[in-house]
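Below are two complexes that have chain A in common, paired first with chain B and then with chain C.
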Partner chain A sequence: MLTVFLQFLFSGLTVGAVYALVGMGFNIIYNATSIINLAQGEFVVIGGLMMWFFTSSVKLPFVLSVLLTILTAGLIAFLMERLTIRPIQKTDLLLMIMITISVSIVLRGLLMFKFGKDPYGYPPFTEGEPISIFGAIIQQQALWVIGVTAVSIVLLYIFFNKTLIGKAMKACAVDPVAARLVGINVSQMVMLSFILSGVVGAIGGIAITPISLMEYDKGPMLAVKGFCAAILGGLGRGRGAIVGGFTIGVLESMTAGYLHSGLKDAVALIILLLVLFYKPAGIFGSSAIARLRKF
Partner chain B sequence: MTADTMLVLKNVDVHYGKIHAIKRLSLHVNRGEIVALIGGNGAGKTTLLSAISGLLRVTSGEIKYNNIMINNLPAEEIVKKGISHVPERGLVFKPLTVEDNLLLGAYHLYSFANRNEYKKDLLQVYKMFPVLEERRKQLAGTLSGGEQQMLAIARALMAKPKLLLLDEPSMGLAPLIVKEILAYIKRLRDNHGLTVLLVEQNARSALQIADKGYVLETGRVLLQGSAEDLLANRDVQRAYLGRDLDT
Partner chain C sequence: MNKDNIIALTVLVILIVFFPLLSPSPYNLSIAIFAGINALLAIGLSILMGYAGQISLGQAGFYGIGAYVSAILSLKAGIPVLLSILFAASVAGISAVLLAVPALRLRGHYLAVATLGFGEIIYIILNEFGPGGPSGFGDIPRLSILGYFFDSSTNFFYLTWTVVTLAMIFSINLIDSRIGRALRAMHDSEIACKAMGLDIVSLKIKVFVLSAIFASLAGSLYAHYVTFVSPSSFSLFHSVLIVMMAVLGGINNLWGAILGAIIITILPELLRKFEEFDVLVYGLILTFSLLFFRKGLVPIFIDKLKKLRA
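The block that comes next holds the complex of A and B.
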C-alpha cells in the first residue's frame, strides 16, 4: 500500500520537476515582458532531441553534448526573439502571444522534419541500480531530474532577487518606459529573458528524456502543464511555479495510478480552471500584485 | 550662447503620431536654474520633456546638451549623459521594493568593480527622503501618491543627474504635499547644484520656485521671461493663474 503510494509520489515528483522548469520558463519571459510564451514546451523538446543528436547520433562526450544542447536552445530562443518578437515590439501583448503559438507550430514542424515522428532516448546520466525506498523503486535518473531542477531553481532565484540585472529584467516588465528612463536597455532584457527561459526549458528536456523519451510533438502538452503550474502558483512568482509544478505532477500521477490513466492529462486542466475561477492570483500571488500586472 | 548654458533647443519639431505636437520650439536652460514650462492640457509640455529624454524622436531641429547634439540618442543613453527624466505620475516600479526601485535608478552607473558605490548614494537619498528609508522594504505600489512621487524623484537622483526633467510632480497630490515636493526641488538646486526643467499645470507654485519660465500653447512658446515677470503678467494671470481680472 505504502509502496504503491510512494511509487506514484516519486514518479509524480519527477514529472513535476519538469513542469516546474517549464513554469519557470513562462515566468521568466512573463516577468520581463508580460508575454506568455506558448512555445515554451518546444524548448523542452529541443533539449531532449538535441541532446540525443549530440550524444547518440554524433557521439560527443556527455558534458560537451549538454553544453552544445543548451547553446542550441539559447540560440533558437535568441532567433525567436529577434525574428518574431522584436520586429513588432510596439504592438499589443495578445498579438505577441499569438505569435508565440505560431512559433511553436513552426518549431514543431522543423523538429518533425529533422527527427521524424519517433520517440528518442539516450542512457541515463549515471548507470546503476535503482534505489529502493520502502519497496518503491526510484531510478537514479529521477534523482538527477529533481537535482537539476533544484539547482536551476536556486540559480534563478539568485539571479532575479540578488542581482541588479535580474531586478532590471523585472523592472522592464512592470514599466518599459520607466525602465528606459533609468538606463535599462529594454530590448536587450527581453532578448535575455527569452534566452534564459529557452535554456531552462532545454535543461528540463535534457534531464527527463532518459526516463520519458522525447518526440517532436510533446511540446504543447508540456507547455499546458507548465502553464498550469505557473498559474496555480501565481503567474510571475518563482516559487509559485515550483510548488505548482510539483503539485500538478503528483496529482497527475496519483490520478493515473488510483483512478484511471486516461484522466492524467485532464488533472492539470481541471486545476487550471478551478484556479482561474476561484483564485486567479494563484497560491502565492497576492491579489494586490495581481491587480498591478497587465495580464 | 554663454558658457553656463546647459540645454539648448533650437527649432525643434516633434510629431506624436500624426499630431504636430511641438512646432519649431526653441528654449534654453542655464546651469543651476529652475526653469518652469507652463501651459494647459495639450500644450506639448510632456511631449517636449519626452523628446529631450529620448523617449520620442524629434522630427527636425536640434537638442544640444553641454554643446553635444543628443536628439538621436535613445533614452537609455541620454540618462548616462546626466539627464534624468521623472515622468508624469512617477512611474515607479510598483511590484518592486522601494530600495530596489532606488537601486535600479543607479542602474547605468553600476559595474562589478564599483558594486558597493551605490550604497553611499542610497544613504544620501535616504537622508533627503527619510520616509523612503522607513519604507525601504515595502513594495512601491503600496506607497501613497506623494511618497511614490518622492520615490520617483529619488530614483532619478540615484542616477546622479546634472539636469532633472520633472513632469507634473504635483499631479493628483494634496496641496500640502505639492508644497513639500516643490520645496524639495528647490533644495535640490540650492544644495546640490542640480538644474531643473519643471513642467507644471500648477503654474503658480511652479513659478514661485522657478527662475524663469516658458509659457507653451499648442506646441509653441507663447511667452517667456523671468518667473517674477510671468507671475505679474496679466495674460498669464488670466490664463494660468486663475485670476479673474474683470471683477
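The block that comes next holds the complex of A and C.
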C-alpha cells in the first residue's frame, strides 16, 4: 500500500516540478506585462530537443550542451518578444492571446521541421542504481528534476529580491508608469521577462526529457498544465506556481494510479475550473488585487 | 437590415447557387463544405467575442458535442438524424448554460482559460469514453429530411451553405435588434449598461448559448457529412483555429467570420506542397496577419472602399 502510494507521490512530484517551472514562467511574464504567454510550453520542448541535439547529435560535453540549450531558448524568447510582442503597443487582450498562440504554432512548425515527429531522449545526468525508499523506486534523474527545480526557484528568488535588475522588474510589475518615472527601462524589463521565462521553461525541459522523452507537440499540454499551476496558486504569485505545480503533479499521478490513467489530463483542468469558479484569485492571491488587475 | 447587408447576402446566395456549377469537382466541394461548417462556428464566435465581448477558447468542445451526440444517437439508438441533431444542439445549449453561469463572472484571461479548460475536458471525455476512443467511429447515418437523402457532395454543399446563410440572416437581425444594441453597449461599458437597467448576466448567457448551438449544428453537419468522427477534430487546436477565423476576418464584423473561415479552411490545402514545412508556414501566415491586419480583413477592406468612394 505505502509503497505504491509513495511511488505515485514521487512520480507526481517529478512531473509537478516541471509544471511549477512552466507556471513560474507564466508568472514572470504576466507580472511584467499582464500577458499570458501561451507559447510557454514550447520552451520546455525546445529545452529537451535542443539538449538532445547538442549532447546526442553533436556530442558536445554535458555542461556546454546545457549552456548552449539555455542560450538558444533565451535567444528564441528574445526574438519572440522583439518581433511579435513589442510591435503591438496597445495591449489588446484578445490580440495578445492570439499572437502568443500563433507564435507557438510557428515554434512547433520549426521543431517539427528540425526534429520530425519522433520522441527524443538522452541518458540521465548521472548513471547509477535507482534509490529505494520503503520499497518505492526513485530514479536518480527524478531527484535531478526536483533538485534543478529547487535551485531555479532559489535563484529566481535571489534575482527578484536581491539584485537591482530583479527589483526593477518587480517594480514594473507593480506599476509600469511609476517604474518609468524612476528611470527603469520598462521595455527592456519586458524583454528580460520573456528571456527569463523562456530559460526557466528550457531548464525544465532539459531535466525532464531523460525520464519522459520529448516530442515536438508536447508544448500545448505543458502550457495548459503550467497555467493551471499558476492559476491554482494565484496568477502572478511566485510561490503560488510552485505549490500549484506540485499539487497538480501529485493529484495527476494519483488519479492515473488509483482511478483511470486516461483521466490524468482532466484533473488539472477540473481543478482549474473549480479554482476559477470558486476562488479565481487562487490559494495565495488576494481577490482585491485580482480585481484591480486589468485582465 | 441595412442596404450593405442585403447586397452582401445577395452576393453570397448567388455565389452559393453557382459554385457547384462552376467547380463541380468533389474535392473542391468538400473543401467548400468544410469552409461552410467552419463559417458557422466562426459566426457564433463572432457574435460572442465581437459583439458580447466574451472570449471563448472552447468552441471545439461544443462542436464536438454536436458531432458526437447526434452521431451516437442516430447510429446507436436509431433516432432520425434530424431529431438527433436538434437533441445534440439542446445538449450543447444546456452545457453552455452550465458553463456560462459560473464562467461569465470571470473576465479576460480567466474567462479565456476557463473556456479552454472546458473544451479540453470535453476532448478528454470523447477520447476516453467516446465510441472507439481516440480512433473514433464511422458508419454514421447520413442526413435525410422528409425522405430526401443528403448523400452527394453537391446537395450537402447546398445544405451546409443554406444553414450558414440562415445563421447569417439570423445573426444580422439579432445585432440590429434591441438585444444587439444592448450587446454592443455591454461591449463598450458594462457599468453603463447596468446603470441603464440591462440584465448583463442573462444577456451574456444567452449569447453564449447561441454560439454553442451554432457550434453544435456545425458539429452535427460535420458528423453526418464525413460519417466518421474522432476526437482529434475537436481538440484545442480547432478552438484556436475558430478564434483565428473570427479575428482574421475582423472580429467586429459578421462577414469577417465567413471570410476568415474560408481562408483558414483553404490555407492548409494550399500549403500541402510545402509538405513538412506546412505547420511552420501556416504559423507564420497567422502571425503576420495578426501583426499587420490587426483590425481584420473585412474592416480593412471596408475602410479602403470608403476611401475610394470619398
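Note that the second predicted complex is superposed on the first by the 291 of 295 C-alpha atoms of A that agree within 3 Å, B and C clash if a C-alpha of one lies under 4 Å from a C-alpha of the other, contacts with A are read in each partner's own complex, and residues count from 1 in each chain.
To be clear about the criterion, a contact is a pair of C-beta atoms (placed from the backbone, for glycine too) under 8 Å apart; a residue touches a chain by one contact, two chains touch by 3 or more.
In this text the structure is predicted, and so the values were computed from the model without any measurement.
> Counting only touches as set out at the top, which of chain B and chain C does A:185 meet: first, second, both, neither?
first
> Output check: A:99 vs chain B and chain C. Expected answer is one of first, second, both, neither. What do you get?
A:99: touches chain C, not chain B.
> Report the partner of chain A that touches more of its residues: chain B or chain C.
The partner with more contacted residues on chain A is C.
> Regarding the shared-chain residue A:175, is it in contact with chain B (first), chain C (second), both, or neither?
First partner only, chain B.
> For A:167, select first, second, both or neither according to whether it touches chain B, chain C, the two together, or no partner.
So A:167 only meets chain B here.
> Identify the partner contact of A:270: answer first if only chain B is touched, second if only chain C is, both if each is, neither if none is.
second
> Considering only the touch criterion stated at the top, classify A:262 as touching first (chain B), second (chain C), both, or neither.
Only chain C is touched by A:262; chain B is not.
> Which parts of chain A are touched by chain B and by chain C alike?
Touching chain B in the first complex and chain C in the second, no residue of chain A appears in both lists.
> What part of chain A is in contact with chain C in the complex they form?
Result: residues 36, 84, 87-88, 92-95, 97-99, 101-110, 112-113, 116, 220, 224, 227-228, 231, 235, 260, 262-263, 265-266, 269-270, 272-273, 276-277, 280, 294-295 of chain A touch chain C.
> Tell me, which parts of chain C touch chain A in their complex?
It comes out as residues 49, 55, 57, 102-103, 105-110, 112-114, 116-118, 120-121, 124-125, 127-128, 236-237, 240, 243-244, 247, 251, 276-284, 286-287, 290-291, 294.
> Any idea which chain A residues touch chain B in the complex?
Touch residues, chain A against chain B: 164, 167-168, 170-171, 174-175, 177-186, 288-289, 292-293.
> Can you check the complex and tell me which residues of chain B touch chain A?
Within the complex, chain B contacts chain A at residues 53-55, 74-76, 79-80, 84-85, 87, 91-96, 100, 103-105, 107-108, 110, 139, 141-142, 155-156, 159.
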